[in-house]
Amino acid sequence: MTDIMGFAINFAFAGLLAGLALAFIRLCKGPSLADRVIALDLIAFITIGFIGVFTIYSNATAFMDIAITLALVAFLSTIAFARFIMRLPQSQSDEHSDSGEKS
Amino acid sequence: MEFLWCLVVGLMTACGVFLMLERHIVRFLFGMILVSNAINLAIFVAGRLTRGNPPLIASDALLPAAGYANPLPQALILTAIVIGFGLLLFTLLLAYRAIKGLGTADMDKMQHAETEQ
Amino acid sequence: MNLFLLNILLAFGWMLLNGNYANTDFTIGFVVGFFALLLTEPFRNKPHYGRKFLAALKLLVVFLYKLLTSSLQVVWDVITPTHLSHPAIIKVPLAVESDLEIMLLANIVSLTPGSLTLDVSEDRKFLIVHAMFSKDEQSVIDDIKTSLERRILEVTRD
Amino acid sequence: MQNPILKLWLAFCTLLPLGIFLLIGASYKPPESLFYWSWIPSLDINFSLRLDGLSVLFASLISGVGFLIQLYAVAYMKPYKGRAAFHLYLTLFMLAMLGLVLVDNLLLLFVFWELTTLTSYLLIGFNHEKEISRKNALQAMLVTGSGGLAMLAGLIMLGEMAGTYSISAIITQGASLAQHSWFTPSLLLILLGAFTKSAQFPFHFWLPGAMAAPTPVSAYLHSSTMVKAGIYLLARMLPVYGDSALWFTLLCSAGAFTALWCAIQAYRQTDLKLMLAFSTNVILGQLVMLIGIGSSYAVTAALLLIAAHSFYKAGLFMVVGNIDKATGTREYHELAGLRAVLTISFIAALVTAASKAGLPPSFGFLSKEYLYKAGLEFGWLLSGSMLLANAIMVALGLLIIIKPFLSPHHEKAAPMKAIEHNQLLWIPPIVLALLSVVVPVALLNWYQGLVIDPAAAVMLPDTQVKTVKLWEGFNLPLLLSALTLILGIVLYVVYPRLKPRLDQLMSGLPSGSGVYQCILNTVIKVANWQTRVLQHGHLTQYSLQFFIVLLAFLGTALWKIVLWQVHPLPSIELDLYYYDVILAAFLVIAAFVVVKARTLLLAVAALGTIGFLTTMVFLVYSAPDVAKTQLLVETLMVVFIAIVLRHLSAVNSVPKHSTSRRLVHACVAIGIGVSISLALWIITATPMNQEISEFYAQTSVSGGKGRNIVNVILVDFRAFDTLGEAVVVVIAGLAAVAVMAGKRINKLVSESTRENR
Amino acid sequence: MTQWLLVMPIFIPLLTATACAFSFRKQSLSSVISWTGAIANLLVAILLIQTVIANGLQVTAFGDWKAPFGIVFVADLLSSSMVLITAIIGIAIVLYSTADLRSKPFYAIYHSLIHALLAGVMGSFLTGDIFNLYVFFEVMLITSFGLMVLGANKAQVDAAVKYVVLNLISTMVFLLAIGLLYGATGTLNMADLHAKVAELSDTTMMLISGLFLFGFAIKASAFPVFSWLPASYHHLPSAIVALYAALLTKVGVYALIRVFTIVFDLVDSGYQPLLIVIAGLTMLTGVLGAASQFNIKRILSFHIISQIGYMLMGFAIYTPLAITGAIFYIIHHIIVKANLFLIGGFLKRKQGSDNLRELGGAYSAMPWLALLFLIPAFSLAGFPPLSGFWGKFLVIKASLQTEEYLLAATALFVGLMTIYSMTKIWAEAFWKPLPENAPAPVTLSWQENCLYITPIAALAVITILIGFMVEPIYQLAETSAMNLLNPQPYINAVLGGDSISHTAPLSANGIAGGSH
Amino acid sequence: MMEWIVALCLITGVLFSFFSALGILRMPDAYIRMHSSTKAGTIGVGLIMMAVALHFNDTSVISRAVGIIAFILMTAPVAAQLLGKSLLMNNYKMWRGHQQD
Amino acid sequence: MSSIIFRTSAHIVTVLMLVFSVYLLLRGHNNPGGGFIAGLITVIAFALLMLAETTDYVRQRLVYSPAAFAGSGILIALLAGLLPLFFGQPFLSGLWWGKIGSPLLFDIGIYLAVIGSVLMVLLNVEEELS
């Protein structure tokens, strides 16, 4: 592996993982359900990217199938969440409508 | 590198176990998902880790490339994942039924079975 | 007819996936695609399939260009410290009618600068769009109708 | 008696003991095995029957008295329902008892021992609709059962000491067993069995309780047979344990005390049946004492007393049964003038009571003489206590005869009806009364040759037994007999005044059945408490228990490793890339987010993230198939959760555990987590044996015809796992539908579209 | 022949289950299929044990991949006799259910699940591979979940939650243990593990075996991890609870015995003293739990625990005699406990309750049932010469031989309390007159009566037979125990003698191998 | 030469992805965050896939990469649209930015 | 949930997924994939279709009940395992005729079993809960 590829790959890993971190923060922060879902969707995208980079890095093309699979299924979970939000009775924020625990 | 993942397995298990002890039945389920993920990971780690060399044989070869990853734990985890999926799916719907039928998600309030009739 | 075409396409897709271009693969792909279509029956009202290759290509190029610029626009807004946007929700009247057309337009609108499809009205007459930079609503509408909808109609209609 | 089958059955039940009695008589040629069948050779349990002097005494009593009892019961049980079953139980009981005295194998003896417990349970509880019957049946069962279980341990120990379970073989080893460390424990345990069965103090109380049974049962089981099982066992064990001082001390003290104590109890009763029941305890005590003494006289006395008691006690019980039948009561105070309706019974009563009181020339007198002879060898204490007990027996004899039969009938007394037109009600007691006199007077030599000599040869192999005579001239025992008689009469006379004072005196003392009830209640209380503690119904507490146990398991092993340095900890080899660390960190953070999430949806989203992250981990470490499956499964799971959660939003929120409880949870969880980490680390630090995986790699193409080794494992090398896994998934599907569907399960599973059905 | 024989105990029930599932709407058809399957199963089981007795241990390697590379099924005396008993119980339950559950809407799916459960149980008995054991445990577990929630009411759902939650803990720990074991040894075949485990350090072995012990202890419902059993069993339909009571916990004990003889050595693992304590406390807590109950099913459920204690006791003592006793006890207990639950179910059907306070009069109303109850009840209570006595006798004898006096005393006390419980049921349900406010007993058609009584009577007859044919069963149990304590022949048979091909390095071209 | 192109694609793709993530963190409301994730995310993944395709230059890889890009182009806007619709249905309050009205 | 845009694209995506799943099934022996993975992707495809349309639509497309799929899957897997026994080989041995072999048949059985069981749950959950 040449220097430029090495750099690019390392940059890619770092950048994607940093992106993952940011998206994850949004996932935790919410505040609405939709925000979390958007973040999760983006995490799926970033994961697809990570798989791509790792495919280049490891030279094992078999990993590409995982990327396809991920692209397929991430769509489903986003849709399912979207529907979840849609069917919720009242509010835009999940903090009230959720069946969480109270302390 | 196994050490790192040993640590992760332990921490994930700890989180999972903690959740499994909570009163909300759905949280128990989440704990179970965590623990079962952690255990799959544990099997994976126990079979030793190999970076970037999947146990596949190229179409012109009879053996996988040297230093290939241990395929057996992978097969075991596949089985365990699928079995775990079945169990979790059932548990999820049982939780649903319990919440709907018993009117509470609190596992400690589910006291219908052991009160003397 | 269009199903048949789609079927052929799927067979080619199959070969692509396999990275293998023999007759047997085409046959398998065709059979697999046939059953897949049979199971899902995707288009109940049939759009026309003509020789719209050029129109489609043009649409694609425009679309890719818009996608790139829109991305850059978003990125710029992200990295600059102040929020530049003036968001609004806009109803865009539709000339397109079929499901496929509506879908294409909606998706392309979503992926182009400053606009994001939120819904199609119940009567399928309007596209509800969230516009990021909508100082002037009409310009947004015009932009969508001229640069996108027209091109789609060129592809999908005779 | 219309039912011919019932008739036939009753005839069979009656004639069976007679046949056995005759068979025993015909085949008795001591000391030979009658029969040998190797039942369970591996356990040294052989069905070998031996008929020696001791066995023949018991066996003939069991079958002979059994015959009379069956006869009597045919008449007595006529109005009862379920009499066929009654005779069945009685017959079974008799067979068990016969087996007990005939077998030459310790374990087989135990088998029959327990069978007598079981059948007697059914007999005692025969009047099962009454609560007292059920209660007393249980009491008898538990008391004799607990003794029996202790005895089992004792018998096993004895068998192990001797290296055989054959009784005759053990006896030949005799005193040599005394050196073994199990000698004393086995002795104690066997005594526990014998004492409970033979109703020795403090286990005596079940026997009067067993009087809840119909009278034929009392006559049979609780006079002449079952309670003698313990006596039989003690007699059998005499050659093994007889030399031990403990044997002597325990048997003599328990026997003597039981005799005295129960004599006083008998004296206090007003129910005639209970009087007899307690006096049975007295005789049992005397028998135990005699076997404890184990001298030549004592053995002779015991052998005489066993037979004498069987005759007169069975007879007396039958008479009491007749009284009950004629008047509907057995209360001493309510009975008078019975001679008028129970003429023949009265004669039987008179003779048997004389035997009980020990008047010459009855069998009772003879046995009492030898009792005193045996007692006198060991000083005045034993003899004195026996004298008192026997005096009370005299008083009881008088009590039973004089007021109920001889006093004139008066208004307050229970009304009477004639019952003696049924011959079967009086023939058996008369026969027994006859035997009580005929044997000592006319058949003594015959008895000596048939029973005493051979039985004594079994019990005291080295001792010559003296010839028994009814009349041996004026001697000390005779004097004691006279004294007994006088004292007895005195006790009879003072009975009206003494009884209330005795009652007053003894009312404060705890009764045996009271203690039993108290123990039973305590056990039940402990059981309830324990169950409340262990099975409290709080699920999370169960889970916590389970996890604590798991932590204990893991902790003990790791404790050894970490603190005691049994196993040196492996060094940490860090062969890491930064993305490993970041992925790991994310995984852990995401897991924490699931824990800390205040809303379920955030937890679900974090779980989804964990799914993606684990996918990446599997990807990085070369497991594409796993990564894919993980991804798909996780996504589907999230979809399912999303679908389900949407419908649970209306559910009330759930309170959390208290902070301290959560702290405990955290500690347990962290403990388990750390332990698992450590365990995994220790295991992965050693090199791995991968020969199986190598085999798979080498054979995948040639044998499995596949290039994806993981898949070849799944569908070929270990396809069987995959089959099972598919079954799991399908059944999980069914189960999931079932849990949701409730009663519409079939419809839900089988329908292909909704409208069509 | 072996190839056929060994797979049929799994194949037939799975096929039957599938066939039952396909005949959803035709109750009678699914009944017939279910019966046929159960009978076929019994025939195969008989054939299997005959073969094992005649020709010794039988092994088949699935896919023709020899151990340790592939999965093997091993039928030795122990496993084939367990399969036989399972088949017997299977028939009894299927017959009984035809009477008891026919009216229920879940009838067809029920038969499917029963057969799947039987497959799981028999697979667990036969497998020679530890991961495969896990798979069959899961088949069993998920099927038991399914059966548990069929037509469930509130209480049943609650019971199911407890059952599921606590059993899942066991499952996960079991899986973890397998993972660690594989990581430490690199193999999954139990015979192959024997030698490789012996090379592990003591602490590693203790660690891994501790996890196995914990997992199996839950499955077997040992103290202190039995809570799931009394929390759930009594709400199940009798046929199902009979099946569970007979088989599920015993599979746990069986697995414990297998794994701690062939894979680990109980003594070497360091858990023997602990197991002895566990056994004693299991007996004690179980029997005391039973003493505090007034519901037939609850009493019987708690007694499962106490009797598991006997089995564990036999195993923990770890002498040939003790293990013989444990095996004898398992065989006896499967038959007897199933029968008692079936009788309890029949009483419930007649009277609409299984609470002792609401029952009564059965002795007068159904004397034949009383007799049929007496046999298993007093067998369970350990009255000789019924089957229960011999197992108890053997373990007590063994405990005395090894000078475990306290354990022996506990076992004896527990025996006494078992007598108490059984007589309690007898006195309350049979002897006591029917309470005045109780409803009149349901009258059943003679066919229904027959279907109820046939399995009950058959099992009672088997109980008596076991009691009287002690010698052959003792021989069987003793041989099994000797085989367990000296597993070398088993290992040789599974791995194909001393010349184990896999220890030799394989040629690099990948053509060589242990298969074909 | 090809390496440089691949590296360029990779780096720009990653940058887009990163900014997309930054966008959803920084942007003021869910609608605008969706703009960010949909557009920048799509192009980011697209570029990375292009890099993969170019790197391997192998039909099976190219076809898969193209498949992924096409698939994402097809699904990402739909997902965004559904989420948007759900927000609309829940009367999600839009951030009005610096508009006067 | 009835969004024209989603419905239309869901149809296309479903077809793609189905094709992809069969591809994974058939190629699984040589590349990552196989019955389980393929089955799960099929399930996801139909899940998407279900979300876009209705459960009845999906049931009609499937023709047979999901339980029938599951049952036949298990049946096929069992028979694939039994087949070698008739050739004197142990249960589940690989029999190969060129590129077609009993392991492939076995994998198809697994594929169907997964599809059937998970879809059965999915459709019923959706129907019961709405």
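Order of writing sets the chain letters: A, B, C, D, E, F and G. Residues in each chain are counted from 1.
The definition used in the following text is that a residue touches a chain if its C-beta (ideal position, glycine included) is under 8 Å from a C-beta of that chain, and two chains touch if they have at least 3 such contacts.
Values in this document were obtained by computation on a predicted structure and should not be read as measured data.
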item	value
Chain whose average C-alpha position is farthest from chain E's own	C
B-D or D-G, whichever has more C-beta pairs in contact	B-D
Centre distance in Å when chain A and chain B are each reduced to the mean of their C-alpha atoms	20
Inter-centroid spacing, chain F versus chain B (mean Cα positions, whole Å)	31
Centroid distance [mean C-alpha coordinates] between chain G and chain B, Å	23
Where chain G touches two or more other chains at once, by residue number	3, 5-6, 9, 12-13, 16, 20, 30-33, 36-37, 41, 44, 47, 62, 67-68, 71, 74, 78, 81, 91-92, 94, 114, 117-118, 121, 125
Residues within chain E bordering two or more other chains	14, 21, 24, 62-63, 131, 135, 138, 142, 145-146, 149, 152, 157, 160-162, 165, 169, 176, 180, 183-184, 188, 230-231, 508-510
Per-residue overlap in chain D, given as positions that touch at least 2 other chains	535, 537, 539, 543, 547, 600, 620, 622, 624-625, 628-629, 632-633, 635-636, 639-640, 643-648, 651, 654-656, 676, 680, 683-684, 688, 690, 692-693, 696-698, 700-703, 707-708, 710, 714, 716-722, 725, 727-729, 731-736, 739-740, 749-750
Chains that touch, pairwise	A-B, A-D, A-F, A-G, B-D, B-E, B-G, C-F, C-G, D-E, D-G, E-G, F-G
Contact set on chain G toward chain A in their complex	1, 6, 13, 16-17, 20, 24, 31-33, 37, 41, 44-45, 47-48, 51
List of chain E residues in touch with chain B within their complex	131, 135, 138, 141-142, 145-146, 149, 152, 154-162, 164-165, 168-169, 171-172, 175-176, 178-180, 182-184, 188, 230-232, 234-235, 294-295, 355, 508-510
Of chain B, residues touching chain G in the complex	54, 56, 59, 78, 82, 86, 89, 93
In the complex, chain A residues that touch chain D	13-14, 17, 20-21, 24, 27-28, 30, 33, 36-37, 39-40, 43-44, 47, 50-51, 54, 58, 60, 62-63, 65-66, 69-70, 73-74, 76-77, 80-81, 83-84, 87-89, 94-95, 97-103
Residue numbers on chain E that touch chain D, as the complex places them	14, 21, 24-25, 62-63, 65, 68-71, 105-109, 112-113, 116, 119, 123, 131-132, 135-136, 138-139, 142-143, 145-146, 149-152, 157, 160-162, 165-166, 169, 173, 176, 180, 183-188, 196, 201-204, 206-208, 210-211, 213-214, 218, 224-225, 227-228, 230-231, 285, 288-293, 363-364, 367, 378, 383-385, 389-390, 393-394, 396-397, 400-401, 408-409, 412-413, 415-417, 419-420, 423, 427, 430-433, 470-471, 474-475, 478, 502-503, 506-516
